[in-house]
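The two complexes that follow have chain A in common; it is paired with chain B in the first and with chain C in the second.
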Partner chain A sequence: MPVKTEAEIRRALREWVIKAGGQAQPAEVRDDTPLIESRIISSLQVMDLLLFIERLSGLSIDTGELDVAVLRSIDTIYDHFFGARHADSTR
Partner chain B sequence: MSHVKSSKMVKTLCDASKRDYANPYAQLEWPETVNIEDWHMSPELLSLYGTDVYERLTEAERKRLSFYEAVNFFSLNIHGEKPLVEGLAKRLYAKSSRPIDSYLHHFLDEENKHMIYFGEFCMRYAGKLYPDKKLTFPRQYAPGEEDFLFFAKVMIFEEIVDVYNVRMAKDERLTPIARKINYFHHRDETRHLAFGRQLVKELFEQHATAWSPETLRGLRDYLGNYLIATWKEYYNPDVYRDAGLNEPHDVQEAAVAHPRAAAHRKEISAGCVRYLLQHGMLTEEPCL
Partner chain C sequence: MPTRHADTHTPRLLAPATEHAIADAVGCDVTLAVTTTGDGVSPSERATAAAWPSRTRRDSWLRGRAAVRRVLDTLDGGGATAGHARLSVSHSGAYTVAIGTTSRVARGIGVDLEVRRAPAADAARFFLNEDERRWALEAPAADQPKRLLRLWTIKEALFKSNPSNQGTHVWDYRLDNPERSWGTASLRGDQSRLFRYCAVRLAAGYLSVAVSSGGHR
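Now for the complex of A and B:
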């Protein structure tokens, strides 16, 4: 998957969340929307989300070392898994 | 917590646990190394079996895949048993658990022993466990719901694992160490499953009438989704990468979606799903 810029990563994450959430309207999913608290995705879909993040980032994620707060929103996901490596990209 | 109806059942299970009491350090003889191009998991149980990717693999590549899938299977067991041990310890000598305390001691003891041999296989031969991909988020529960879900999740996880254990314990193509681990696990799980089925049924009967329709609906959705999520862990891109396959996330997605894999999940889960449906814990079959 040739995703490179911050804007592309955020868009890919948003599209995944909207598709996985099923019920959510695209306008309801902003980058700061709490994904699990708002029940846009369920706690049991987090595993699929992690696999999608792995696919985008090339990382292998160990949940034993993960603070669940980093999965709160697209903003926090981006900052934790991609931020440092895309500091020079534009949204 | 409910009572496992017959204290007679608890006594029977305790007696059987005492009879089969084992020393995990003496129970198995560990070869220094294993050949990763032997079968460590039955080919028909491999997550890729029947897919196009699998058909293109050579015999040696299939066996190599079976080694990493066995490491994944044993890793999953450890990740499933860690919260189980935590939850059992929390319930031990809790007021509501008194009637089953004597069996909880055996349950805890046996789960710890399982982790010893699963961990030994993974660390000795692969030098690692595959990381856990499940996360738990704090939430509110209706009275009795947390206990019910704890034991229902244990039951679902163990019922699937046990079908694999039974088949692999009998499979003469497998290396002796892989077969024996499956055999010893199944021997204890037979008791855990009998206990789990009865306790889950009793907890549901005890609390369900007091739960609101919304709680019941949420709980049934959760159980169905838990079953689906449990199966997803059998399709691990890290395994495919270690087995030398390209584009492991594509392989994972294609394998999950493959009709043969869906039929396999349905077949392996049939007994567990039937039990959940029969006792009203599910009202429709989950789309596996």
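Now for the complex of A and C:
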């Protein structure tokens, strides 16, 4: 998968959340919106989100090592799974 | 051990005999309510929901309030309050289910309903341990979604039943015997709680209930 810009990754995450969740209007989903607490996506859909993050990032996720707080919002997902790597790749 | 259905007019998602089985499996008296509408909620609750742009979320929230109200109206002969009852709510498709108990046995209660879809087989590694995954994926391909969904709803109910579940997720809860549709479970790294669960097969999914109690295993 080609290297994506931060804006492209955030847009991809936002579009996935809105489509998969089917519960929220696009205007309701900001990058800091709590996705699970606000019931934008269900806990079952979190499993699909993890698969999507793996495809988007190329990472393999081990939930045994995962702090659930990183799945709170698009901001936290980006920071945890993409932020440092993206900074490295664009340096 | 009796289970009281909160409203004889609620949709028959569950047969009465099944409701008794849930209470026997989790070891305490429980009250269930199933709703498909928000009928019976207060005007202020409707006003709160009206502010949300998403009709889907608005409707499911109102169904949840209606279901909880029915449970509280039935628990302890209508004398229960949200402050001392343990309650849990789950939404799936057109249904919302609420469950409550005032039993001293239960530190917490959890319910999960899924009638629409099962977890992807690729996602099993995210929420199942090795034993659970082996049982789910050793089934013929056609049966795997049912097993995955049963385990998912059990784990979600276990998570919800833990009143101190902050910092935990569904993958932290382990079934002692994943082949059983009712039994006991534990929380990784915490031997101070005993969890009992029961999974009920529905026409198009599963409903699982879990209760957490104190005491060493």
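The working rule: the second predicted complex is superposed on the first by the 84 of 91 C-alpha atoms of A that agree within 3 Å, B and C clash if a C-alpha of one lies under 4 Å from a C-alpha of the other, contacts with A are read in each partner's own complex, and residues count from 1 in each chain.
Heads up, the rule we're going with is that contacts are C-beta pairs under 8 Å (C-beta built on N, C-alpha and C of every residue); 3 or more make two chains touch, one makes a residue touch a chain.
What you see is a predicted model, and the numbers here were worked out from it, not measured in a lab.
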Open item on the list: For A:G64 in the superposed arrangement: first (chain B), second (chain C), both or neither?
Closed with: both
- [ ] Mind working out whether A:R39 is in touch with chain B, chain C, both or neither, as first, second, both or neither?
- [x] second
Open item on the list: With both complexes superposed on chain A, which partner does A:D48 reach: first (chain B), second (chain C), both or neither?
Closed with: both
- [ ] Tell me which partner A:Q25 touches in the superposition: chain B (first), chain C (second), both or neither.
- [x] second
TODO: Please indicate which partner A:E15 is in contact with in the superposed arrangement: first for chain B, second for chain C, both, or neither.
DONE: neither
- [ ] For A:D79, select first, second, both or neither according to whether it touches chain B, chain C, the two together, or no partner.
- [x] neither
- [ ] Determine where on chain A the residues touched by chain B overlap those touched by chain C, and list them.
- [x] 43-44, 47-48, 50-51, 61, 63-64, 66, 68
Open item on the list: Give the list of chain A residues in touch with chain B in this complex.
Closed with: 36, 42-48, 50-51, 54-55, 60-64, 66, 68, 71
Open item on the list: Please output the residues of chain C touching chain A within their complex, sorted ascending.
Closed with: 53-54, 56-57, 60, 114, 117, 119-120, 122-123, 125-127, 152, 156, 159, 167-171
Open item on the list: Which residues of chain A touch chain C once you look at their complex with the stated criterion?
Closed with: 22-25, 27-28, 39, 43-44, 47-48, 50-51, 61, 63-64, 66, 68
TODO: Report the residues of chain B in contact with chain A in the complex, numbered from low to high.
DONE: 131-137, 139, 222, 225-226, 228-229, 232-233, 237-238, 249, 252
